[in-house]
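Chain IDs A, B, C and D follow the sequence of writing; residue 1 opens each chain.
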C-alpha cells in the first residue's frame, strides 16, 4: 500500500516533470549507443562537471522560491574564487581564506537583498547590474590576469576522490543539496520562503517578517554562490575574471527547466538538480556521441526552449482542463 | 559493464570491443578553446583534415571559451578513452589539474597554441604553437622598424583576461617600453568584437587626434574596425598592425589599409602536433617545446605567402 | 441571554484617513462591545474596508485614537494586531495559492506548530471543529472560492482573537456554508469574542447582528441596535435617499429564441443544452463549483470545449475566442474583477473603452476624443464614483470597479449580456442600478444570463432558472411558481439520488 | 495634464519622471570638464554613429517589455541576420539582401511569438527562458551558416554602396543611420500611442486575462510584439555590420543585456503595461554615452563594467526611491 503510494507519487512527479523525462530519455538513448557513457568514471565525471553549477543552482532555488531572482551569482562566484586564491597566495591559511570568500558572498547578498527588499527595486535588473559590477571588480583586482594558486593543498579540496572514485566536489554538492533541501522543507525559514514567494502580501499580513526573510534568501544564495566560486577555484587551481560569463543565465535557466517557478512559491532543490542534470547529461552525451560543436549548441537551445515550452503548454492545458 | 579507464589494465577479454579505437585509427581529442572563434574553428578543421595522415581519428570538443567547460572537456575525453589530447587552453593554469589526471591514466597530452606555465610543464608531453608573447614582440618590432625616430601609437587589446590578449599585450610592451615609441593609449575590449574595436578607435581619435602615428590591434578582424574608424576620420597614413594573418588581415594588407599582419600558420601547427603525438605514442622521444615561427607580413612580402583559408 | 456587563472592547474615536483625491474616512467614531456582532453597512466606497485596514495595521490613520482592549493602539502592524487579539478576514481573499490549506492556516507559525505534521494535524482539528472537511494537504489554488473563504475563517479562528473583523465574508458562500458561518459566529459570540461584520446583504445583518453602524462617504451616519432599524430605514441611511424596492420588476416581453446551446461538453461539463429567449433574464443556480462559470466561459470562447454548437437567431456561429463572442453580440462580466476584468494600473478611461475599439479606431488609429466620450458617457450613466476618468482604476472601490467593467460592455450594446456574480461586493444602490440595466437590455430585445450565489436575487430578477449540479443541468423552473427549497433541492442534486433509490 | 507648467514644476517632473536625463546631464558635464574634446563635433558625430545599432534593438525591446514579456533572443538573432545578410550581398545584390535580412528578422521574431503563444507562456519569466533558448539556437545557426568565420563586406566583390551609405553616409550633418532612427522613432511613437495595436500591446502587458476577455486579440499583439522586436533587431544588425563592414557569427553578443539595460534605465518598468519609446531613446543615449565617456577619459575596460553595473543599480535605486 505504502509502496504503491510512493510509486504513484513518483509517477505523478514524472509526468509533471518534463526535465526528469528528458533526462531519462537521454539516458535511454545513450543505452543504445556504443560509447563509454555508462562507465563509472564517466558517470562520476558527469556529476562532477555539473556539481558547481548545481551548487549555485541550489542557492538560486531558495531565492526563486521566495519570489526573487539572482543574476549576480556569476559575479559572486568569480570574485570569491579570486579572493580565496589571493588570500592564500599571501600565506593566509586555507580555512580563513575560504571564510573570507564566503564573507564576500554574504556582503554582496546583503547589498542585493537590501536594494531589492528595503529599496523595493526589481531584483532581476539590480542583480544583473551587480553581476556586471562584480565582473569589473574581479578584473580590477586581478588586472584581468588569471592567478594560479601557490598552495598545493587547495586543489585537493575539489579534485580529490573519496575511495579513489567519488570526487570530493560531488560530495560537497550532495551536502549542499541535503542542507538546503532540509532548510526548505523542514524549517520555519524554508516554509516561510514558500509563503513569501507564493504571495508576498499575504505572508506579510500573516506576520512573517517578509523583509528580513527575503533579504536572508539573497544572502544565502550569494554565500552558496561564493562556496561555488571557492570550489571552482579549487577545481581549476586558479582564479580568473573570465569564468563566470554566462553562468548566471545558465543556472537560473536550469533551475526553471527543473520546474521551480520564476513567479515564486513553487519548486525545490531536487527539481533544480534535475534541471541542471538535463544540461549535464546532454552535454556529456553529445560529446560522447561526437556531435559537432555547432550542432550541440543548437541542440542545447532547442532543449531549453523545448522543455520550457512543453512546461508552459502543460500548465496551459491544466488551466483549460479544470 | 565496462571498466573505468582509470583501471585501464583490468579489461577482461570477451567484452565489447573498446569503443575508443577502431581497427585502423586511434582516437584522439582536440579541445578547442572556443569554436565561435574563427581561428580555432579553422584549427579544428585542420585537425580533422590531417588526422588520418597520422593514423588518428579526431574528436573535437568545444570548451566554449570557458575554463571550467575546458576541464570538463578534458575529463570527457578521458572517459571516451582517447589516446591523446590536444588542448588549446582558455586558461593555462585552470587546465592543469585536468591534464594531470589525463597524464595519470596514460594519455598523451599536447598543448596547442599556448603552453603551460614554465614550472608546470610536466602536466603535458609537448607543446606546439606560436608564442603569443612573440606575436606581441613581432608587432613591436614592426613598429620599431617603421619608426626608428619614435612615434605615438595606441594599442587596442583583445578580450580582456583572455590568454592571447594578455600575452600579446605583455610581449608588445616588453619590447616597446624604453624605446622612443610611446603607447599613448591602451584599451582592451569586452569581447573580440569588431564594433567595440571601432568604437574605441573612434574615441581614441577624438582624444588624441592627429597625434596617432600607429595602431596595434590584437587581432585582424578588430583591425577592420580600426581601419573603418581611421577612414571615417580621414586619417590615411596611420600604421596599423594586427595579429592573425587571417583572410581579413591578408585582404587589408593587400589593399594597403593595414600595414602589417603577424601571421600564425595553423596548418603547420596542426601537422606538427599530430606528428609529435604519433611519435610519443610510438615511444619515440620528442622535443618538448616546438615553436612555429610567426611571419611578419606586409605589402612587400605578401606575395610569398599562400592566402589563408580562414 | 442574560445581560452581561457590556464592556467596550474596541473604541474608535475621530479617525480620519485620506487618499489622493478622496477623504476615505472623516472623523469616524465607533464603539464595539465585547461579545457582540457589530454590523457595518454602507455603499461602495463608504470607507468600511479602509477603516478595518486601519484597525488591522495595513494602513495608518492620520488622526484620531483607537483603544483596543484597554490599550491605545498606535502605528500597529498586521502581526501586532493579530497577536494582540484582533484578526481580520480581508475582503479580497488572502491565502497563498501555492501552499497547502494546513500551512495557510498556520502561515508564519511553522515553528510554533511543531513542524509540518503538527501544522496539518492542528489544522485538520480546527477545520473539523467548524464542520469543514477540506483536505489540509490540498493546495489552496485547487479550492473553490467558497472553500477558500472557509479556510480564511479558520485561519482567523486559529488566533486567540478577542475581536474578529469579517469584511464581506459571505460574498461567495453558498446557503449551506452561510449557515455554517452563522453557527460559527454564534459560537464565537458565546465565548465572548466580538465580531465586526461587514456585508451588503441586509438579510444577514438583520439575521444575526446585534448592533449596526451605517457609513456613508467616510462618515458614520448612525449606530444603533439592529432592532431599532427597519430595512428601508437602513437603506435610506446608506444611500442618503429612499429606495422603494430592492428589485425592479422583471422584464416580461419574452420572445423567440435568441441563443441556443446544443450539447456543450468540456472536462467539467456534460451535455449542456439550453435556449435563451429574446427579452429574457435567465438565471443559473448552483453551488459554488457546480460549473456555472464554466458554462458561460465556454459559450464566450474563453475556455476550450470538446464539442458544442451555438445558434444565434437560428444561425450556427463559431466561437473560438472571446473576440468571436464579442462580434456575435455577447458580453461577459467575469466573476473575478481584479484578475479577469480590470487592467489595474490603467485609467478608468482605458478600462472602459477596452471593448469598444471598433468605435474608436479608424484604419487602426485611435480616436482619443471618442475614447473620452465613451468613458465619460459610461461613468455618468452608471454613476461611477471617480475623481476623473484619468484616475487609475486600481484606486476605486470594489463596486465602482465593477461598474467600470459593466460600462465597458454596455458601450457595445450587447444582445446577450452574461453577468457572473455581478453584484458580489456591491452596495444596494449600485445593485439596483445593475438590475435596472439588466432589465433595460432585456426589454430592448437582448437577453441576460445571470449567475449569482444570492438566491433571492436570481429568483426576483429572472424569468427562468436553470439549476446546475456537477456540470449538468438538473432542472428548469419558473421562479415565480416555485419555492426556493425546490430549486435548492435540484441544485444540490438531490433529485438524482431520489430517482436512484 | 493641463496644469500650468512653470519652471519649478518642470524640474520636479524631470527629477521624478526622467531621472535618466539628470544622469545624462551629469555624465556630459563631468566628461566635458575633464575632457573638453567630448563636445567636439567629431565626437558628437561618433556618438551619433555608435548610437545606431543599439537604439534599433532597444526600440524593439521596448515593445516586448511594455507587453509584459522579454526577448533575450536578440543576441543570437542579430548574429544570424548579420552573417546571412552580408553573405547574400554578393549572390543576390544589395536590395534583395537587405530585404531578406529584414524579413529574416521579422520571421525569427514571429517564430518566437509562435512558441510563446502555442506554449501559452504568460509570464515574463517563461518568455525569458524560451527566448534564451532561441537565442542559443539562432546563435548556433549563425555559426553553422558562417562555418565560424567572419564575413567581410570589404571582401565582397559586389556593389555594397547601399550598406556603406547606411554605415557611414551622411544626410546634412546627420548620419544616415541617425535619420533612419528618427524616422522609425516617429513611426513607433505613433504606433504605440495612436493605434489600436499599440494600445492592445499596452493592455496585454497590463493584464492578459482581462484583455483577452474584453476581446483584445492578445495572440495577435504578442505576434506583433516579437515581430517588431525581430524586425528592429534586423535593422540593428544591418546598421551594425554596415558600420564595421564585417559580421562575425558572435557579433550580437551582449546586445540583449545592453538593450534591456537601455529600456529599463530609460524608465520603462519590467512589470509591463507602462513605458515609452522616448524613454528608451534616453536610456540608450545614457548607455552609449557612458562607454564613449569612459573611452575618452581613458578609463580601463574593467571600470566600464563597474560603471555600467553601478549606474544601472543607481538608476533603478533612485527611480524607486522617489516612488516610495
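Here, a contact is a pair of C-beta atoms (placed from the backbone, for glycine too) under 8 Å apart; a residue touches a chain by one contact, two chains touch by 3 or more.
None of the values given here were measured: they were computed from a predicted structure.
K.L.:
Starting at chain C, what is the smallest number of hops through touching chains needed to reach chain D?
P.N.:
Minimum step count, chain C to chain D: 1.
K.L.:
Is the number of contacting C-beta pairs greater for A-C or for B-D?
P.N.:
Of A-C and B-D, more C-beta pairs in contact link B-D.
K.L.:
Using mean CA coordinates as chain centres, what's the chain A-chain C distance in Å?
P.N.:
Computed value for the inter-centroid distance: 44 Å.
K.L.:
Just the number, please: Cα centre separation of chain A and chain D in whole Å.
P.N.:
30
K.L.:
Two or more other chains touching the same residue: where does that happen in chain B?
P.N.:
35, 160, 188
K.L.:
Got the chain A residues that touch at least 2 other chains?
P.N.:
Those would be 139, 144, 261, 293-294.
K.L.:
Find every residue in chain D that makes contact with two or more other chains and list them.
P.N.:
Touching at least two other chains: 139, 143, 148, 300-302, 304-305.
K.L.:
Pairwise, which chains touch?
P.N.:
Here the touching pairs of chains are A-B, A-C, A-D, B-D, C-D.
K.L.:
In their complex, what parts of chain A are in touch with chain C?
P.N.:
Going by the criterion above, the answer is residues 185-188, 191-192, 194-195, 197-199, 201-208, 261, 264-266, 320-322.
K.L.:
Give every residue of chain B touching chain D within the complex, in rising order.
P.N.:
35-38, 41-42, 157, 160, 185, 187-195, 198-200, 202-207, 209, 221, 224-225, 228, 231-233, 246-248, 251-252, 255, 310
K.L.:
Show which residues of chain C lie in contact with chain D when the two form their complex.
P.N.:
300, 302, 321-323, 325-327, 332, 334, 339-346, 350, 354-355, 357, 361, 364-366, 408
K.L.:
In their shared complex, at which residues does chain D touch chain C?
P.N.:
Chain D reaches chain C through residues 193-200, 202-203, 206-207, 209-217, 271, 273-274.
K.L.:
What does chain D use to touch chain B in their complex?
P.N.:
Contacts found on chain D: 35, 37-38, 40, 42-43, 46, 49-50, 53, 139, 143, 147-150, 152, 154-155, 167-168, 240, 243-246, 248-251, 253-254, 291-292, 295-296, 298, 300-302, 304-305.
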